[in-house]
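Common to both upcoming complexes is chain A, partnered first by chain B, then by chain C.
After this line comes the complex of A and B, so read on.
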């Protein structure tokens, strides 16, 4: 992923890639991308045009909810991002390179595949005043009713920030491990350590200045996600007023056009916040670098940091979240302060409504199968200098994009149709798939292509019978990522589907406002099961396909 | 010729004409049912094979299961496919219909039938966005109990633009193990909240249950209840709500999290009541507590009660948007929902427990028995019904509430 981002910014590679690409194939590669992203441009105009009126901004300014909503949004997204960066960087500082780091890396994919909504539901079950942790304390404190704690849905969005921090730290760790894997960091560490710099000093003075520029985009993506997240904010965020993203969502779906215009105006504000914060962070980083570019050279003795065991609690949280969901899904009666359900039954599973599951399944399969050819053709023939444009949906708050999508669908009279629903997922599925695939695609040994061309194959034929089959493993992994991205989509499903399509994600969020925690736990587990199954399949299929091809293993 | 007619002739002629017209009227009135049934069979045959998108609040398992049952029935009986589109807030559907009409989608709308009442109905009716009148031409309209407020929805006349579906009444729930004597009025509620700090709250308006709770307090505290039946004006709002805000200012300091934040829904309150985090919950279905006990979402000691001065109650309806695709199918489904069988099943405590809009004396005795069933937890006492304020009050109250308490 980071490799990809680096390449798009790397002028050298641009020229190399573009050479030898025919104009016709160029268009072939641009066409599917245009189909996916094209309607967003007029949609953006239709969705945001109502905000061009001064009166709209005045009404937004006069709204009593929005200052605090803005405050909660800023706090939860900034704190969440900073904490996630802190967690990921201290883990890397402490453990890279070591056996523990490898173990951590191995466990990451499983945790990464837990969707945000399911994570939020599990987190709620853990830390709510009637949650597992409080029940645990109640055993010793002899409480009979839940404590008057404000652990979730606090007015400042702190619990939301904490949940975001834990969830996103896994993502940042994963990106970090990819960046660290690609170059001679270990050698530099050895040199620095042998010169007497401590581990922490080595990271601060030598490694972070090199790694941070590459981490910029992923961190921006984490921040943008925190700014516009609606599903997690509904479950864990404040209620009066909610975060800005939830407020915008309410406004955009209000029958009154003045509220809709206010929603458009506020989604422009979200965009501005992202730009301002990204610029500020960039400037701060530059400033810090300028100050620290001539370190004093003083060596600090290495302190024993063995006691700092951060990764255990981080992973324990993940496992506890999945376990509490499992226990709730088989609970029969389970009221506070019982630590375990009084009785256990499979009723919730037997009475499960499977239609959201099947909808999610066909939707994810359709989205990833549609995006695969688009991604492959783009990587082979597309003008790679525009990759950064494709990645925009990942670093732009989702709210204005979804509004644009919905406006475009309304004008095309396609809203609420299966085709519209699938399309609404593609602007997120495609960039993630390209991002996942691009590293392996660039690393492909071009000599194999040259040989097949020399043997008389057309470029198409060479791709179909040599390049893509060899790349089977990354391609199938890419599809699993695309599927998982589709499973997690909440806002596009809600708007483009017109409420006619219920996925495990929308169902879990809808149920989170309801009272039946057992049904909620089942849907959240189904939401986890789908991506986990797809990743498992992606791990198994290449093994099976290449069972009698030694070179592919 | 007229000039030559004698007075008698004229009389005779007039008499004959009168007789003729009377005869014609009688003949016509005799023909009406057959004409109507001819129309109805035309609608039924048109409805066959149609897909009806029924947009209805989907926040309750019992309701969803009932709609699934009804959909299955009309599929086998009339060949209509009903798809339940679960919505969280009916205002979303209103917006959808408005947006569709604004973008010129006047015939092929995405909503065929919607569960609606009050302010949303008023918005759609005012905007000319409803198909009709059709409701009073339904064959099962004859069974409806006209003594219930089925022709007026929050003081707005329905005029056949929506068909009644069920009745509801604000009901409170408590746990006998923790609360033996519940509050029976607004003033007792305040005292109860003071005695149990942090254990009382209500859903955040504009959540439907939250707004209903505010309206309940308004009905009790307003100096002149008759003013609430008229469309709202800024002056009327200020005069009627003055005691309400004074009451809430007092109440909020004793609420859950000091009234700085509120649960999102009544369902969330049921969960908090079950865990003992709250001492009171509320519902708009007098039988919901018994359903929740059966579903093991509330302890068996939960019970329902109302205020002694009465609680707010209303009728909920189904309506067809003007741009619906399957208008015939929607009418046939609405007619089925009004049938004695469907209404009895809906009133059955083990299914949903929603009050009927039919005249119980007009339906078969076996079905009457189903309607009279009771179960532990359900409202066992008779609570007087208070009429809803005029629909225009809802938006005004919600806006004022949000302004005062929407941010901490």
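After this line comes the complex of A and C, so read on.
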């Protein structure tokens, strides 16, 4: 997957064009994509048209919750993104290249597979005034009751920002590790250091100026996510008023059309914030680059930064989050200053409501199985230069898109049906699947296709009997990614499902408002278990299928 | 004077090189020849300080009476030239060279003058502000060598630097490299699998696949 991403990020690979694309197959490739994305266009109009009224904007302006919601959203998303970039870049600067970097890279996939909602629940259990951290401090400070501090759901969204920063720093590290695997980047490091520059200086003068432009899209995706995140914001963000995304969600789901119009207007604002901030960041970067002085040749010896140990707290947070969920799920009585439950029992597991689990499972399986042919046909016959358009849902705030989806479903009178629910996940599942598969697909040795067609196979047959079977491992990995993306969806499930379908994600978020931490921990763990199981299956299956074929492993 | 004392290179149980002792005088070019996989590039990686963790090395590496194999890459003062030019794509041709120029040349103007003079010397007058990507392969190779030499290394390592150039360019660039090394008067190790790369009357050390002491033959 890292390889796939590397190729995607490689600007040069865009220049490669698939040879021999027939016109008919072109349409075949575009059809499924149109079915998935097409309804969004009129939907966008239906959803956003109510905002074309000055009165709506005036009412938004006059809304009492709006200024502070905007403030919390800006603070949490900007701070979260900046911190995530800072964490990821300092880790890379400090540790790349070294054995520690490789070790860090190996641990990433497991952390990445923890969904955002489950992460937020675990983070809540860690840092809440009665959480594990406070209990740890209590051992030394001799507290007998939880401190009277606001550590989560603070009015400015700072705890949300911190959680976003940690979660997204793993994603950015993963993207970086893909780029840093390139031979030329590794060698440039050696060349610059052999010219007398320290590792830190090389990063600053040589690597970052080259890597940053390529990190632009992933960073934009992180920022867009922070702007429009609802599940994490409900669990960790401020309550009254909530963040802008949560407020928009309340407005859009209000039966009163004036509130719906206000929600549309506010989601346009989210989009504008993204554009303005992206433009500002781009401009600042260009300005900084233009003002770089002529190379002065000053070689600064490496300062003793190696002691700086950022990765331990970062990874420890991840492990602690899963552990605290596990402990809560088996806790029976657990009073405040105690680090461990006084008594444990499996009651919460025995009384678990498994219906969200099964709904999530069939939904994820359906979404990834529907997207797989669409992705394969698109990569084989589709016009590859439009890949960027398909990636749009990943870098645009989810809010206007979900509203558009819902509007389209209302007009088709399909809202609340299983088909609508599955479709609502596809605009996010498909881009992630194409992004994961595109690298391996382009790296495929085209001569194998040429040979099989020379043997008399049609292109279809050659794909079915040669290309796709050989690509079994990346295809299965792609399915696992698609499944994981579907599991993590929150907003589309709520809107398109019309409240009739409950997944582990929506259930975990709904339970977070209640007081039963045991039941909440169980649902959060189920949400983690599903993607982890799918990735494990994706690792094992190709090994088993190709057990007699060494060349495929 | 470059000295390698009793080097043993291995990868797990597999020994690539053993008992390698080598002296290279200033201005001398010693060629290390051998088939691919014989460990000749690994030898250069060890000397520059970038040995892959999969390999183990014992032995000492001395340059001008200072032991270097225990130093970091940036402290070793050794130049390296790979088969790819590896010019930094975000810097202009001139800034690539200025990056290597020691900081005793002070001030942007003075440094730019130095770089422009170097460019003139290698026949690239007026190339200061060009994007490296717009240069021909031969031009990039020349800039890359000059970047290595401008940092005033005390030894030079060449890792198949001619293998990616076409035949005519190859002969040209080869004599350019040897000429520049002669001017700098530093010990040089050249790794290659092409006998034509060996300079006239140069020493050649052959590393065979069997990679034991008896197989290190000199002509």
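Here is the rule we go by: the second predicted complex is superposed on the first by the 533 of 553 C-alpha atoms of A that agree within 3 Å, B and C clash if a C-alpha of one lies under 4 Å from a C-alpha of the other, contacts with A are read in each partner's own complex, and residues count from 1 in each chain.
Here is the rule we use: a residue touches a chain if its C-beta (ideal position, glycine included) is under 8 Å from a C-beta of that chain, and two chains touch if they have at least 3 such contacts.
As the structure is a prediction and not an experimental result, all values here were calculated from the model.
**Q** Using the overlay on chain A, decide if chain B and chain C clash or can fit next to each other.
**A** In the arrangement built by aligning on chain A, the partners chain C and chain B fit side by side.
**Q** Output check: A:297 vs chain B and chain C. Expected answer is one of first, second, both, neither. What do you get?
**A** second
**Q** Counting only touches as set out at the top, which of chain B and chain C does A:198 meet: first, second, both, neither?
**A** second
**Q** In this superposed model, does chain C or chain B come into contact with more residues of chain A?
**A** Between chain B and chain C, the winner on chain A residue contacts is B.
**Q** Just checking: does A:548 make contact with chain B only, chain C only, both, or neither of them? Give me first, second, both or neither.
**A** The answer is neither, since A:548 touches no partner chain.
**Q** Please compute the chain B to chain A to chain C angle from C-alpha centroids in the superposed arrangement, rounded to the nearest 10 degrees.
**A** After superposition on chain A, the angle is 170 degrees.
**Q** Now for A:312: first (chain B), second (chain C), both, or neither, which partner does it touch?
**A** neither
**Q** Note down the smallest distance between any C-alpha of chain B and any C-alpha of chain C in the overlay, whole angstrom.
**A** In this superposition, no C-alpha atom of chain B lies closer than 48 Å to one of chain C.
**Q** Output the chain A positions appearing in both contact lists, the one against chain B and the one against chain C.
**A** none
**Q** Please output the residues of chain A touching chain C within their complex, sorted ascending.
**A** Against chain C, the touching part of chain A is residues 99, 184, 187-188, 190-199, 205-206, 209-210, 293-299, 301-302.
**Q** Show me the residue ranges of chain A that touch chain B in the complex, using the header's touch definition.
**A** 64-65, 67-69, 129-130, 144-146, 148, 150, 153, 155, 234, 238-241, 253-255, 332-333, 335-336, 410-411, 413, 415-416, 498-500, 502, 510, 513-517, 519
**Q** Which residues of chain C touch chain A once you look at their complex with the stated criterion?
**A** Listed in rising order, the residues are 48-50, 53, 72-74, 76-80, 82, 84, 86, 88-91, 95, 98-103, 105, 108, 111-112, 147-148, 151, 153.
**Q** Enumerate the contact residues on chain B facing chain A in the complex.
**A** Residues 53, 55, 58-61, 83, 85-89, 91-92, 94-96, 98-100, 103, 105, 108, 110, 123, 178, 198-199, 204, 257, 260-265, 267-268, 270-272, 274-277, 292, 295-297, 299, 402-403, 405-408.
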